[in-house]
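I've put the structures underneath this note.
What follows is subunit A paired twice: with subunit B in the first complex and subunit C in the second.
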Partner chain A sequence: MDQTEETDAVNRDELIMQQQRQIEKEISDTIPLVSEEQPVDSLNNEYMGDDVYGSKVRDLAAKYRAIRRTRPDGNCFFRAFAYSYLEYLAGHKEDYDAFKELALKSKDKLVALGFPQFTLEDFHDTFMEVIEHVSPGENDKQELHKLFNAQGYSDYVVVYLRLITSGQVQEGADFYQNFIDGNCTIQEFRHQEVEPMYKESDHIHIIALCSALNVGVRVEYMDRGEGGQVKAHDFPEGTDPKVYLLYRPGHYDILYPN
Partner chain B sequence: MSTPARRRLMRDFKRLQEDPPTGVSGAPTDNNIMIWNAVIFGPHDTPFEDGTFKLTIEFTEEYPNKPPTVRFVSKVFHPNVYADGGICLDILQNRWSPTYDVSAILTSIQSLLSDPNPNSPANSTAAQLYKENRREYEKRVKACVEQSFID
Partner chain C sequence: MSLVSKMESKSSATSPSERRLHKELLALIKEPPPGVKVDVDSVGKNLQEWKINIDGVEGTLYEGEHFQLLFKFNNKYPFDSPEVTFIGSNIPVHPHVYSNGHICLSILTDDWSPALSVQSVCLSISSMLSSCREKKRPPDNTLYVKTCNKNPKKTKWWYHDDTV
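Up next is the complex of A and B:
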């Protein structure tokens, strides 16, 4: 073995991944995947003496009765969306039945779009199992909470929603291409930004998922911008929202309207 | 004890047995489904032809949401293989998708043998020879092919 090979012995990728795993572990040891409901003004603890955020928290607290936090692991949009929508469905039999039907059919649709059937089935089975567990009538709210804090179930739901989102982006490639910047193709975007776990979501993910599942989402934006109020945006525009989320730069949590 | 990772690995194994891709094989070790041994046969019409390269695949409970750690046990002279056998391949790092299974991992590594990416070198000697002195590169690869018979 010559000298150059010796110096290559340090496997950089592995060192980087080790460090990343360490950071992730610190987060997962301290923050649950999905928290219990908390009062909206509990947000103030993070913004002591910050007037911009202070007034926005007051505005938010006037419109929403509670917040449920999600772990900031890059999956927060998908996890928050799934939790909030399933919670809604557990109380709305007709919408639940329609969603279950759509979810059942989604597997064949994704296979037809070119996803590998073998691995897709694994995620789909678990996804259906979770839907089954929260059917109206069973109405054990703790069950949903337990499932979403069990990493295995919780992450499989996230994976499956990512695949549905990716499928939607592929189906509507002509449309979604407009939102992808730079020299990234639709395929690259799907494989690099949508399908891998822990990749953060952008507008394009939200629009694609909402269209695929036919669900309205209202996102309240809270950032350092002027105005003293949070800004609501509905996806798709003009729909009646079933899911309410709070967005602060880089992170989504679940909101409960008054 | 059944966890999503273990359940999924049983499925991966079943599929690998029922529908094995050409030129790769793999199986869990006797007493631990989280650690697999695998073999990749050097692809035809490449300097790796006839080589039998052994690998280990280590999974965590986070599989398939996170990729396993894959490492060559056999010595492999290749631009994207580290001296310790670690592999520099995007799908095993930042482009991992939970839809990949063991079959997909092994076939991807097999095609990496045929098509190295000298622009992200894990072995700079191999990368340089691959770009600048293909004959010497092939000679070094053939030496590790012969070594793979003995390992």
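Up next is the complex of A and C:
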């Protein structure tokens, strides 16, 4: 490669990154972190004249009464999960109390697993603060929605769930190792794919978080595959789901069953 | 008062990012890890720039050398990573450190996590230096230094060899 070509290559990197930042900014300017509830068939707007998706949206609309969209920023699984589960807990006192207890204890557990207490504390404190504010006794039903659209709280919750997930992967390293491809070690996977913000979630993240928190999640898969129906998958298998999510390639939104 | 409005009124005084930086600074002054010393005078009022001195570790190629790091934080810290460069007259000669002070280290960009901290960055850089077996500049040093953006976070790094 001669000198000019190399210089071009460097500038091209910069242009690509600039464009990427521009797209990210557009997304954050136009799409809230978590939207209001919307009718399921509003999905049709994105798939005008697309028969495959059209029939799957019809199928989904027959099973679910509403959808709540999340911002596609790589954190969507964690944000959608947290919102949906806390919303469920606000109406179920017994489960809420058990979860609060588990959340309280989680800090010491993560410290014991080797997470730095110093930074962990911040995220744990804010996480607990959020849980406190969406207790079943809380009258303001909009509080959860406001908190999740305030970046300062919303992102703290996402970070803490990422750390819980990472801790679970560490604890069950023998099991999770089977799901990691290539030459990536468990440590590398945790530090590169779980703990950093904006990194997308895969089955392994979902399984780890569900097991860490003892929560069942049903994910409805909607893609270009044949069959005309969405496919449900429960994590962990055989549990009674408390959280319902819609997965379209690369993105998770919240669903409300009929 | 709702939590959100409470946060907003609090943030007019100090933002979450400033609170976090403040906490980190105090800890670093009180209990610095070996060979790491924050230059307290260099810390600006808004905490957005710090200089940190680090010593080459005994028994490594950098024993007896002293280096200085410049940390810059924006108001999205700790969600955004800090911008970290070597500054001053002694830039370590290392395969991942460019002669303009830019450092190729994945936790400074792609693999940054808000659970990391100034202290953990210092320790990673120190261990990156310590594990070096041959003092040399990155192979593309001349070209990079000539063409790169002033901010290393604007470089699209390709992390290759973690073993050096």
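Basically, the second predicted complex is superposed on the first by the 237 of 258 C-alpha atoms of A that agree within 3 Å, B and C clash if a C-alpha of one lies under 4 Å from a C-alpha of the other, contacts with A are read in each partner's own complex, and residues count from 1 in each chain.
Here, contacts are C-beta pairs under 8 Å (C-beta built on N, C-alpha and C of every residue); 3 or more make two chains touch, one makes a residue touch a chain.
Because the structure is predicted, anything quoted here is derived from the model rather than measured.
In the overlaid three-chain picture, which partner chain does A:192 touch, first (subunit B) or second (subunit C), both, or neither?
both
For A:252 in the superposed arrangement: first (subunit B), second (subunit C), both or neither?
Neither partner.
State whether A:17 touches subunit B only (first), subunit C only (second), both chains, or neither.
Both partners, subunit B and subunit C.
Between subunit B and subunit C, whom does A:81 touch in the aligned arrangement: first, second, both, or neither?
In the superposition, A:81 contacts neither subunit B nor subunit C.
Mind working out whether A:53 is in touch with subunit B, subunit C, both or neither, as first, second, both or neither?
Once the two structures are laid over each other on A, A:53 reaches no partner at all.
Can you list the residues of subunit A that touch subunit B in one structure and subunit C in the other?
The answer is residues 6-7, 11, 13-14, 17, 115-116, 118-120, 122-123, 152-153, 155, 159, 163, 191-192, 195-197 of subunit A.
Under the definition above, what is the set of subunit B residues touching subunit A in their complex?
3-5, 7-8, 11, 15, 62, 64-66, 69, 82-84, 86, 88, 93-101, 104, 121-125
Inside the complex, what are the residues of subunit A that reach subunit C?
3, 6-7, 10-11, 13-14, 16-17, 115-116, 118-120, 122-123, 129-130, 133, 140, 143, 146-147, 150, 152-153, 155, 159, 162-163, 191-192, 195-197
Quick check: in the complex, which residue numbers of subunit A touch subunit B?
Touch residues, subunit A against subunit B: 1-2, 4-9, 11, 13-14, 17, 115-116, 118-120, 122-123, 126, 151-153, 155-156, 159, 163, 191-192, 195-197.
Could you please specify the touching residues of subunit C with respect to subunit A in the complex?
By the definition above, subunit C touches subunit A via 2-4, 7, 11, 16, 20, 23-24, 27, 78-79, 106-107, 110-117, 119-120, 143-144, 147-149, 154-156.
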